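The same chain A turns up in both complexes below, where it pairs with chain B and then with chain C.
Let's look at the complex of A and B:
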């Protein structure tokens, strides 16, 4: 006879708890082997689910403040609400899904994992991205992908001014309009692999990739070096 | 026949100015160099100690104890950083420095019981291993920054700015962006790396408060959080850092070194270490947190007297960058031909940005790096730190103090009007305080 599955799941009501108490409880539950935790009444608290390095599933029922899921690795986080600044900051690995909107700096400096925002994202989405994937089903604001180093950003909607300014490497896909590109960013033709990547990533979020006219933006690599004629010039540049 | 004795030189267009204009004309960009401000500024040299005589008695050198223990981060952290001496090693990146230089600094710090600091390039595993106490920098670039290394740190230092370039970002020219350095920073190999000057995820002091909470949550409130700033509007900046929740304020004056920045920053931005320290202490006192939030001061600190005077003016500890490199052989008259290749001479070199350091300290070149064996670097830095610590104790004992932290403002007077005004100390032999 098949054993009934025991869902190792628990609920934390955040009402009346400090951020520290909430995160400590989540970490303690993860250490106990609890696989899923639901946070009720987050009330826009900052720094929820920060520093989580266990593969635990966290569901936040409501909206969160700054740095939701920040400095984490390997967590599986879902927010049934909106998030404030710097969602998933410095994420190394794992997955974050936000059902609402995210404010500025979503995914800042993340080096791995996948962050998906089903609404819009604010200014500077994917700033200094170092790897991994950031998906925004809606629009992104001014200065998104600024100084991005690696990884991929998918924007199904429109991108604000100065997209991809001074990016080093990586690729950005935009399904809607681009207000303007930043310094050293350029459009590049989409390849079959790019479409394949978009199909896989967007299908998993139940977004039909074929509805969008994706454009690809990469670094023109013209700012990678100072425009000095040769090494000798640098040597003497004191 | 030219009579060199009577040749006239413009004070506006000095030979250096003429050369600098012509270099810009050729390069089409700003000039870059290492080291801090070259201009002369009021400094600790302009103060002297009023040691003991009849009004107070001195302690015996070698026989009577003079304590040096220093604790940083007592405000909120569960595990403050406990050091044997009030001298720490400043953040200098692997990338700016060679692997051997980084490891030497770590081992030397461990030998004398102090901390060392990572830099704008992440935590080198060998550095973590070498350093009993390692401060992990969180810089605007966040190169190599991650939660796993964060959890191994003994303290975190959020770098808002540096004395050599307050308001400016980092620079690492392509010749130093080796495969390993590029890999650690997630950058293409060999690019001229110009890092951001603002943090990507927060902007003002209100945000910084939340950023500090984030770092504390990620480290379970165990380790202290330092906030490092270049000295500009010191009073307000220190107060904002304290209000944002810093455990320790690290303040870097304009003499503070760097491996590379635009020379215009070094010479034209920020204020010297001496007045910065005085203003920072005042700010902490005004907020009633002096002694609760520790103050670390840096920028041009070279000798025991510098350290002792900084402590007397109210610093809890000092931090050293350039001087530790000099201890390892920076600007030493060896390998002369390699200094010449850089167009310079020993004692005048500030060419860390080129990556061709003649003594193997600020380079990623395999051959040059061999010129600084780790054992040698370790011993030199440990000896140097120990010797300046002995100098500090000598001065403290002569002032009658059984703990170097008991040195106080009252032990000092100023030798110049500028120093009197900036340190707010009486001019030697008078009751007159300038200002």
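Let's look at the complex of A and C:
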């Protein structure tokens, strides 16, 4: 008879521990060969699971604070709650799933990996994204994808004002309404490869891609070099 | 960074918790700025002919002389001395609070009128929340609503005068997180209208701008909408009156806020974790973040919320 695979799992109760103690324990457990760790009572603490470069599965039972999962590479993080500002900031590789909402700056400057938010994300989702994939099953707020440089953002719901302002490269897919596009952003027709990408990515989250009228936004690349006659194309802040 | 919090009860049975709930909401936010802490609490009204004052004193102030100083201006009904400060209940005699302020400044130049009104009492301290609450026994304060603030000073020095909340008018105050970018221009314009600034703190411009708007007859809602057009910079701020609490977020959503609403209360804080500290949160209650440019106004003791549509950004 085949033996079932049993992951070596352990639990950390965050109550009464400092963030440093929690993250050090996670790292120590990963070094011991523990494959999965559960964090209980996170109570919205900041900097949980930050700087994790070991391939460990982390499950946070409850809501996390700022920078959750940030500066990590190769972790596999799941949050059963909401996340505050800057979820997965500067993520290099790995997987983050939030079964709740994320606040502003989700996935900021991430250069790899995949961040999935099954609820809504706040303002500036995917700001300065440098690679990897950010998926938001709900809506995103004001100024999302600002100055994105690479990678892909999938938004199943609506996008707030100034989406994709001053992006360099990469693509953004929006299933719902776009309040307004930022400077130098343009709509581009969806290709078969785009639909294929969405199908693969969203199927893995049990989201039916065909239910959404996805639109693709890319950089028009007209403002990469400043020319005085383009002045009117720059959307002024005031 | 600064931390702000606001508590509003829709069920007056909860009023006895106000002080404790404010402390629970503001204490975790001290990591956002530990320079000073302050609260504005709306406590049961005094008699309609009376006014409450919270006066900040120094070691040089002899509070025994207060009745003499105010003689002919106000009849003092009750005074309570707390450390160097004085809480006063009085009846104004043919004068306004502004007249009284002039009289106080003349005889007690060291004294600062921290709050006035029939409900509002403002307490602040260059210290942590626990010390502030212990000094004035604020945890035992009952009331319908209140604001709290913990400061990281960025624009002006750390002292009691520049600590939040800032008074707008009798019974009206604000707490602010952020920076006002066009402060000097706004201050110039307000001063030309005869408004006097007491400090060089940019948050005071919010309070005084609202004062002018309300004196011109605007509703709170209109005044807040006008403010979000005229103020550049980053801000999330709360404003309270005896019957309303407003929350305004700048058009870039640069400063945080989380709103918890249930049938019995509304709580607002800079961070989610501060709200988790409040006991018996209703699982049917909602948590949400206001959008960029969003203005919310709650009526105290009622279940209504007015969310004004986010301002249309025109280019």
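Quick notes on this one:
Assume the second predicted complex is superposed on the first by the 221 of 238 C-alpha atoms of A that agree within 3 Å, B and C clash if a C-alpha of one lies under 4 Å from a C-alpha of the other, contacts with A are read in each partner's own complex, and residues count from 1 in each chain.
As a working rule, a contact is a pair of C-beta atoms (placed from the backbone, for glycine too) under 8 Å apart; a residue touches a chain by one contact, two chains touch by 3 or more.
Model, not experiment: these values are computed from the prediction.
Once chain A of one complex is fitted onto chain A of the other, the partner contacts of A:150 are limited to chain B, with no touch recorded for chain C. Once the two complexes are overlaid on the shared chain, A:86 sits against chain B while remaining clear of chain C. When the two structures are aligned on the shared chain, A:105 is found in touch with chain B, with no touch to chain C.
Once the two complexes are overlaid on the shared chain, A:162 sits against chain C while remaining clear of chain B. In the superposition on chain A, contact is made by A:43 with chain C only, not with chain B. Residues common to the contacts of chain A with chain B and with chain C across the two structures: 46, 65-66, 85, 124, 235-236, 238.
Those residues of chain C that touch chain A in the shared complex are 31, 232, 251-253, 256, 258, 271-273, 276, 287, 289, 291-293, 313, 315. Residues of chain B that touch chain A in their complex: 23, 26-29, 31-33, 141-142, 145-148, 150-151, 173-175, 185-188, 191-192, 196, 200-202, 207, 210-211, 213-221, 263, 341-344, 350-351, 353-354, 356.
Those residues of chain A that touch chain B in the shared complex are 19-20, 23-24, 27, 46-47, 50-51, 53, 65-67, 70-73, 85-86, 89-90, 92, 105, 108-109, 111, 124, 127-128, 130-131, 146-147, 149-150, 168-169, 221, 224-228, 231, 233-238. The residues of chain A lying in touch with chain C in their complex are 43-46, 63, 65-66, 82, 84-85, 103-104, 122-124, 141-143, 160-162, 180, 235-236, 238.
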